[in-house]
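Okay, so subunit A shows up in both of these, paired with subunit B first and subunit C after.
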Partner chain A sequence: MRRVAVVATGQTEHARSRDDLSQPELVRQAAGRALSDAGLEPDAVDAVVISNMELFEGRALPELWVGEGAFASGKPCLKVATGGTSGTSACIAGFHQVASGLFDVVLVVGFEKHSEGHTQTGMALTDPFWDRAVASGALGNFALSISQYMAERGVTEEHAARVAVKARRNAARNPHAHLRMPDITVEEVLASRILAHPVRMLDMCPQSDGACAIVVAGEDRAAGLCERPAWVKAAVTRHEQPYIGDIDRRLASMRTLREAARRAYELADIREPLGDFDVAEIYEPVSYSELAWYEALGFCEDGEAGRLIEAGRTEMEGDLPVNPSGGVLSTNPVGASGVIRVAEAALQVMGRGGERQVPGVETALATGYGVYAWADVVVLGSA
Partner chain B sequence: MRPANALDRRPVVVAGVGETGPRPEDPRSIPEMVLEAVTEALADARLGYGDIDAVVTASVDLFDGLTASNIAVTEVVGAVMRPETRIAGDGLAAALHAACQIWAGAYDTVLVAAHGKASMSCYQDLTRWALDPILVQPLGLDFLACSGLQASAMAVADPGAERRWAETAAVRRAACATDAASPCTAEAVLESAVAAAPIREGMCAPMADGATAVVLRTVAPAGKGEDVRLAGVGCDLDRHALGDRDLCAWRGLERAAERAYAGAGVADPEDAFDLAEPSCRCAHEEELFLAATGVGAGTLVSPSGGLFAGDVPVAAGLSRLVAAVRHMRGDAGCRRALAHGAWGPAGQAHVVAVLDRGTA
Partner chain C sequence: MSEHLTVPIEMALTWRYASGSAMERFAAGLRERRIAALRCDGCGRRYLPPRPLCGNCRLPLAEWVPVADEGALEAWTVMHLPILDGRTGEPREAPYGMGLIRLDGADTTVNHYLDERDPERLAIGMRVRAVWRGDLRGAMDDILHFEVLR
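The block that comes next holds the complex of A and B.
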């Protein structure tokens, strides 16, 4: 396979409402920043991949309207939409398009403008026979599987609150993040109101407006476009049963993420994830999911996630800083969130993470999570 | 752009095809329809679900009334615990991406599946939500109205246009084996109700329900001798606003075709193709298609009526690929074919596949 790398990134400042920019303008800002980052003119882009969950804005085929914002006019342009994994899957689509030799430079842009739609309505548009009457979007489904997970693995509300605090404090160092709360405390999280037991307001991700773009290039172009490209070492996707009732103990088992990680680690020669990765940007829509993903990703044994966060091992100063950007808990424009994971992991490898940079990053992990249990795993490296 | 030259790339063989066939109203659920198409495609390729490395699906949430509407087909396309990429656009674009995955070396066998169910809703009403919501959607335009504006622009200095389009529609309707398009004369087409002036209802392909599946592989099924290969692919997104485009030409299709030709080594399209299977939803589009692709008079066009047999949203382009493959299998003299998909207002987005006959 032809080697490919992420050579540039660009994102908007994310917020609950970006009334100052239309959807194509949001896309344009992120795409323009990514091209400037690579020193490329729009003409140098061979193809564009767009990621967005169109029902959140009540739209169809959004690439038709926003494509020009992504410099896609007159170019091949495909839109990827797989729920929360849309962004990571769009990045992987871009990797494959460049690796195929069909294109040398591909721009991947993810966006969502939740403020122009109704996210809960969009999420409730599930199977009309079996799911629609009971499915309550992300929150209710998470509440059920979190209760199972806590009972089985001994995770507490305090453990989850520590994750929520870490995310918002990290976000305070990220100028693009939506929820930036440098002084947030565990007590504050535990005092926030219950949304669906045991999930509290501050355990949950926000709805954000925003866009994020990356530039993907083949091996013969990457070095000329970026001083220190983030090379794609592995990119793996696994999808799962469509009905949540068919997925046994979802957060505890999460076989998609486990299997995707196993395969990705094999491809990228990762043996001890906690030590081999220098940084991770994982897709955690709720605080508890980060703990479950620690176990699924092999950062610790099953049942040890609570102790991992207690010991501060995933804090900025820990063995494996997880989500220096603040993660999905701090910023969640759904169609962009997966692209943000890959872009932030790439920035860390490039050594351009600013105040949120982890020193000496050689190998970085990015993940996507979508629908009930779909998973993407991407490993980036400096060589 | 670097052309994907068929000569120095591993082959992408169309190993299996299957479809429900377009039906005015399929009473089954979407997964039931897709299951039929996938089962047929896998049987045709002499493969089982276990042989599939990855899946690329095509569907559009608003048309299905489902968020992440590929959830509905995850099981029947065999994507549980497998990599699935979902392209929200025409099914032929999904096939293009699947070919990329194979050329990348990521997978050897990829299943492509697309579905659409026009009978569940008023399709044209839904297309309004694909138009610029600030400047265009408030005007009440839909894709059909945009096609009407395009046909108007073409007819302005061409008094014979409407009669020609009626004749084209009559020919396509007569060639259809399905009940969806009732055969009729050009006169009857000209007398049918106005759909979007100057387009008459008789000039429009009827909307339909259907599912289509294709198996792409690096190798042909054993014992099949000659096979059909995806030799070149290309796609393009034109500008959105009708006023920003020359409505009398499909420039986007010109670019998509150029890319596909470069990959397949097609030097002169006029003599290159034995068959063309365009996605033309209105009769006037066939003239735009021929001009943009440069396909010559010696090329057989839509021998089974094209989309007049039933225009299935999203699956249409992939159904053209299947029609071309089936024709090539049945006609040894057909060496090279072109399949085409299109979506968006007045043909904003296009995808082209060049199919060649190959030998294992």
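The block that comes next holds the complex of A and C.
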């Protein structure tokens, strides 16, 4: 298998609503910025992968309609749609295409324009015989699992609020982020409107309009396209059984993320995640999930996530800064969000994170999380 | 109002889905207030909803086992944001309680509404029982919600 690297990134300015751009225009902006970043003309791209949850916009065949925005006409083009993991899975598909030797340069573009459609409808269109009658969307599903996770692992509402504050303060240093709140406080989060007990408005991710692209290249091309490529050390994806009731104590057990991490760490020789990673960009749609992911990703023992955030160890100046970009809690155009995780992790390895750069990044982690439980784990490195 | 041109679209549409043999048998039971799960020969897990295959063991499921209409509350929330009902497109009136319920005789949990919506009066481990509608139709919403047994 050929070595593969992320050599360029491009993203839009994400916001509640981007009525100034159509879907193809939004995609074209991110794709164009990624190609400029690599110094490539559109014809130099061998294949395109698109990530989008088309039910959210209610617009079929995004790979056709926006494909041209991603310069896909006349090229091989695939679409990936797996909920929150769409973007990381699309990146992994691109990695596989280049690693196999089928293509030398692949463009991966993820996008979502939540403002144009019905995200809740897209989430509610589940099994018509079983959970359609009780669909509670991402919010209700998370809230249910959070009740179990809090009871089992001693996590508090204040621990979660600290995660929410960290994300929005970090986002203030990211010019692309949607929710940039440099002065947000724990008290403000705890006083925000309750959405589904115990989840409050400021515990949840926003719905954003935005697009993000990366350029993936094989080992013989990467060095020529990027001064310091972000090499793919591991890329692992795991799916789960179909119903939320199939998964025992979902946030606490999280077998997909635990198994994906175990395999990825084996491939990338990660032994002590908290020390071995220099930065992490993890997919946290709700503050509480970041705490659960700390445990599933081995940043700490089970039951220690609250202490990890309390001690500031995942803050920008901590041992392992988690989500310098502001994460999904600050920006969530679903189809793009996983691509953003990989792009932000790659920027950190390239040393091009601007005001949100963590000094001296050699190894970075990016994750994806989809539907109730799917997980992707990507490890990027400087060598 | 946006300064840009946007195109509003509204549609009223109908879908129809085949249920499959396992769900047909399950639905027939509901009409008589009977709940049954399919048990896996490999791992012993008793599945709701019943389905053709155990995803963990990759084995076909054929052994039906009876399940009670009461069980333990494994997880709960009180929804304050009304969520859209995926059958009608209409939101349910908030606030309302929701839970994951492990019915006696099943190993998976059922996601359903609760009659209680006061967080102070809900706790993991509570016993709950199904409240059935009068005119049974052979669908999961023959159970209106679960009542907390005190």
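Please note the rule applied: the second predicted complex is superposed on the first by the 383 of 383 C-alpha atoms of A that agree within 3 Å, B and C clash if a C-alpha of one lies under 4 Å from a C-alpha of the other, contacts with A are read in each partner's own complex, and residues count from 1 in each chain.
In this section, a residue touches a chain if its C-beta (ideal position, glycine included) is under 8 Å from a C-beta of that chain, and two chains touch if they have at least 3 such contacts.
Since we're looking at a predicted model, the values are computed, not measured.
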Which of subunit B and subunit C A:19 touches, first, second, both or neither: second
Subunit B versus subunit C as contact partner of A:241, first or second or both or neither: both
If touched residues of subunit A are counted for subunit B and for subunit C, the larger one: B
Partner chain(s) touched by A:134 [first = subunit B, second = subunit C, both, neither]: second
First, second, both or neither for A:259, with subunit B first and subunit C second: first
Contacts of A:192 with subunit B and subunit C, given as first, second, both or neither: neither
First (subunit B), second (subunit C), both or neither touched by A:46: first
Set of subunit A residues, in rising order, touched by both subunit B and subunit C: 58, 124-129, 241-242
Sites on subunit A touched by subunit C in the complex: 17, 19-20, 58, 118, 120-121, 124-137, 139-140, 143-148, 151, 193-199, 241-246
Complex contacts: residues of subunit C adjacent to subunit A: 2-4, 6, 9, 15, 17, 19, 23, 27, 47-49, 51, 55-56, 74-81, 83-87, 89, 98-100, 108-113, 119, 124, 139-141
Touch list for subunit A against partner subunit B, complex: 1-2, 22, 46-48, 53-55, 58-65, 67-68, 72-83, 89, 92-93, 95-97, 99-104, 122-129, 236-242, 255-256, 259, 370-371
Subunit A-touching residues of subunit B, taken from the complex the two chains share: 1-4, 9, 29, 54, 60-63, 65-68, 70-72, 74-75, 79-89, 93, 96-97, 99-106, 126-127, 129-134, 233-240, 252, 255-256, 259, 263, 343-345, 348-349
